[in-house]
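As structure tokens, here come the structures.
Common to both upcoming complexes is chain A, partnered first by chain B, then by chain C.
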Partner chain A sequence: MNSTRAWMVIAAAFLVALVLPHFLPPGLSELATRLSTLILVAVSWNMMANAGLISLGHSGFWGLGAYTAALLANAVHMPFWLTIVPAMILGGGFGVLLAYITGRLRGLFFAISTLAMAEALRVIALMVPKLTGGAEGLFVFDEIRPGRETMTSFALCLAVATVAISYFLSKSRFQYALRAMRDSESAVQMLGVNPARFRMGVTALSGAIASCAGVISAWYTGYLDPGAAFDMKITISAQIAPLFGGLYTVSGPVIGAAAIMTLSELTRIYFGYSAGVGLLVYGVILVFGVLFMPSGVVGLYGRWRNRSKRRGALAEGRP
Partner chain B sequence: MNTPMSAATSTPMLEIDGIRAGYKDAVAIDGVSLRVAQGEVVCLLGANGAGKTTTMRAVTGLIPLMKGTIRYQGEDISNMPAHDRVTAGICLSPEGRQIFPDLTVMENLVLGSFNPRARALRKEGLERVFTLFPRLLERTTQAAGSMSGGEQQMLAIARALMGQPKLLALDEPSLGLSPKMVTAVFESIRAIASSGITILLVEQNTRAALTIAQRGYVLSTGQVVHQGTAEDLAQSEMVQKAFIGSAHLHGGRRSRRDRRLAAAANGAPHAAG
Partner chain C sequence: MVGLLLQILADALLLGGVYTLMAIGLSLAFGVTRIINFAHGDVVMYGAYGAFFAFAGLNIDPLLSLPMVAILGGIGGYLLFKMTLDRILNDISINQVLLTFGLGLVLQNVAVILWTGDERSTTPSYAFDSWLFSDDIVIAKGRVIAFVIAVLFVIMLLAWLRWSELGRATRAVSQNQAAASLMGINVRAMYGLSFALSSAFGAATGAIMSFLLPITPFMGFPIMVKAFAIIILGGMDSVIGTVLGAFFLAIAETAIAYLVPQGIGWAEGVAFFLMVLMLIARPAGILGTAGRDA
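This part shows the complex of A and B:
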């Protein structure tokens, strides 16, 4: 895809994001908003994974974004779209801090550190009830909350922007450096790349994007407490989506997010009478999906396309 | 015979003065001093664990110095981070190649020219490495990890060359290669040297190293124990001892052949037996 076509696709996607919510019934509109937040965290998680940084702390970014939005809305009645800015700065700053503190830790050690930092944020949020409302939670000032359509549009636009950023990043020369960092940070250093700086860059970007998801969720639900804002489930779905869709790819996290959201909804509706069975089926499908599609839906599609291409060539008698 | 070549004519490319380096509490090299003049090919010889690779890592900045100084083109770079040394012109082809197996050959090469000075010269750099290693040109879109060991070594050297080095550091380029491949790789290194690039070469394959180097240093247990011109070293009893000693480890046949070769180099057919 050349860059003019890419821009056209992005423009079209923005248009859809702006118009579509006005035609969606409330149920689907809620789903679209939740899907957008899932895409945000999934793409953001995938960005870090692409550079070899496995994060277990994405709920930390989410919670930071959510509390920033809620507190600013309540304190100075900041409009919803503007809260994105301080939330992204804080999320990005937390990303930089994470990169700085973890230093050269890799793999499991990095993952555990991120988990610890996200948990620390949750505990802090519980411990300062004057600011966060503690375990009782916090309501976002209702009168400045936007309507459902606006909120869904806003969420979809952010999702489109995020995918666009990840697409352009994948086309840039930084992609090589990031991919190479996944193999060996000392080897890229020998090529004149400063791995510490790239690490900070990618955690800052990833953190800023993930905190946007928290902002959307805070405005959309209008209520948050430390348990929900720093929920481990956020981190887990942020990594299942890219794993299911296709790790390290641009479309993987998006397709994965759509797939697991659809799956979870379908199992919930179908096995509605007992929530446990639905979750069990959902879990089993995910496990088998990851087991039998190691390169995700995107990889499966690539293989299928190659095979049908070969078969077509055979049928026409070409070698 | 053991005095280093005079480099008083100009500032040396690299001047290492009494460096100590290692890993945590283990000091691997202590008091190593050496100099490499502009356009020279200098080899570091020594057995396993002598400190060759540690010296190389200290020169390229991958491990910090505990003591001593490293000067590059007259400038003290002892505390310069590794990635800045690449931009300054010190490029390393690391031990064990360390290419990126999942990236294509072309992507590996492009990464080699990541530093801003080399990026501007990427086209010329690609031309140069493809002239030097035509085999890589046939494999630009292939995953680097799927190539043979020799081709991967060529890629590692080519990638270092893409960084537009003034000082090319080669760590064990013959490691794990067939004798035929060793010859091919050393032929390429000779071509690189004749194009005017200064080379610091670490090798266990003493014989091959001494055919292309002008001078050499022998390391043992973290110290320079011997130095001189390539001819001096090839004839020195000490080097021969290390040479034959290490060859013993590879079994009798190789050892006999090496002894014969070493004796022939010495000009006395039965002296080394």
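This part shows the complex of A and C:
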């Protein structure tokens, strides 16, 4: 895909994102919004994974964004579209902080630190009820909440923008440095790339994007509490979607997000709200994904296409 | 005031015992395999259910069912290792993290489906008993038992690592895999063994937790997070370091719970703040060596 075509696809996607919500029934509109937030966190998670940084704390960014939006809405009646700016700054700043703290560490330590960060934020949100409403939660000032269509459009536009960013990132030099970092940071360092700077860049971007998802959910639902805003389930779906779709690819997280969304709706239809089934399915996907299809649906498709191409070549008698 | 200080000290010591139990299995498995088992908390949870069903169904005291629970836990851990982790030992660590995380999810939610989210607990007589010293210092019997068992476990583990043939091999693998392999040690078998032992410790810990904490399918997660904090504080690959980390965390948490207003809520967050501080100051932990290349 050359860059003019890419821009055209992106423009078309934005158009759909703006127009489509006005024709969707409420149920589908909610699904579209949730799918957008899932795409945001999945793409953001995949960006970190791309650089060999595995996050178990994406719920932390989400919650940070959600609380920023809700608090600013209530305190100064900031309009919804503007709240993403402070939320992204805070999310990005937190990403940088995380990269700084874990500066000399990799792999496991990073994963554990992100987990700890998300839990620490949850404890803080719980323990300062004057600001956050504590365990009782917090309502977003209702009079400035936008309508459903506007919110869905907003969410879809952000999702499109995120995918576009990840696409252009995958075409840039940045991508090569990140991919090399995934394999060996010390080797990258020897080649004259400063891994610390790239690491901070990617955590900042990833954190900012994930906190946007929190902003959307806060405005859309109009209510948040520490348990929901820092829910471990957010992190889990953020990592399952790229794994299922295809790690380190642009389309993987999006395909994965759609698949996970469909799957969780289906399990809900078949099993009702019976506890545990949905998460059990997620767990099984994680285990089987890692063991049997580490390159996800995108990888399977690529292999299938290669094979059929080869078969076609054989049939035509070409080597 | 002296009474309060003594109470804090006593509580911290006993909590340290509980924390040692939670973290020791995790640190053993990490020391050998360099894989963090994100399902460790759920192994503890299964141990607790095992002890509960032995108590509720067969009226066996959790302390008596503990050896059986530990053996079953060890076998379960070994099978889990063979079926899953063993296949991806050479993958990048992201995959191992995702895999054990997924295993934890599966274990947890199978428990939710089988036993619902209801709180259960074993109720041996000592669970509610406590000793009263000089009128204002309370010491819970259950925690004393946990402390004693933690001490026993640590001694057993250290002795095994030091004097037994397999223990020495385990230490060798932990120190230098390639060299150990050249000395004729079957590294993969050692991995399996350390995972089995780690799970056995985890399940035994669950049997103890069955009379200290409410048993639910969700009890594993906070236990796992605490255990992470402890091994990061103490050093991921050192048994003594783990013990130090456990007591360090216990002292900090207890002091904050008693001395800070609303301290019980804040104490929940202490582990994370200490962990971050330690990662900045000395990533390898108090006694660990696994800082840079893990």
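We take it that the second predicted complex is superposed on the first by the 299 of 319 C-alpha atoms of A that agree within 3 Å, B and C clash if a C-alpha of one lies under 4 Å from a C-alpha of the other, contacts with A are read in each partner's own complex, and residues count from 1 in each chain.
Here is the rule we use: a residue touches a chain if its C-beta (ideal position, glycine included) is under 8 Å from a C-beta of that chain, and two chains touch if they have at least 3 such contacts.
Just so you know, these numbers come straight off a predicted model, no measurement behind them.
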Check your understanding: Between chain B (first) and chain C (second), which, if any, makes contact with A:209: first, second, both or neither?
Key -> neither
Check your understanding: Between chain B (first) and chain C (second), which does A:78 come into contact with in this model arrangement: first, second, both, or neither?
Key -> neither
Practice item. Kindly classify A:239 by the partners it touches after superposition: chain B alone (first), chain C alone (second), both, or neither? Key: second
Check your understanding: First (chain B), second (chain C), both or neither: which does A:52 touch?
Key -> second
Review point. After superposition on the shared chain, which partner residues are touched by A:194: those of chain B (first), chain C (second), both, or neither?
Key: first
Check your understanding: Which chain makes contact with more of the residues of chain A, chain B or else chain C?
Key -> C
Check your understanding: So, does A:177 touch the first partner chain B, the second partner chain C, both, or neither?
Key -> first
Practice item. Check the residue A:283 against both partner chains and state whether it touches chain B (first), chain C (second), both, or neither. Key: second
Practice item. Examine A:66 and indicate which partner it touches, taking first as chain B and second as chain C; both and neither are also allowed. Key: neither
Exercise for review: Across the two complexes, find the residues of chain A that touch chain B and also touch chain C.
Suggested key: 183
Exercise for review: Would you mind writing out the residues of chain B in touch with chain A in their complex?
Suggested key: 60, 62, 81-84, 86-87, 91-92, 94, 98, 100-103, 107, 110-112, 114-115, 118, 159, 163
Practice item. Would you pull the chain A residues touching chain C in the complex into a rising list? Key: 49, 52, 54, 56, 101-102, 104-109, 111-113, 115-117, 119-120, 123-124, 126-127, 182-183, 232, 236, 239, 243, 274-277, 279-280, 282-287, 289-291, 294
Study note, to complete from the structure: Given the complex, residues on chain A that touch chain B span 173, 176-177, 179-180, 183-184, 186-195
Practice item. Please give the residue numbers of chain C that touch chain A in the complex, ascending. Key: 36, 84, 87-88, 91-95, 97-99, 101-113, 116-117, 217, 221, 225, 228-229, 232, 262, 265-266, 268-269, 271-273, 275-276, 279-280, 283, 291-292, 294
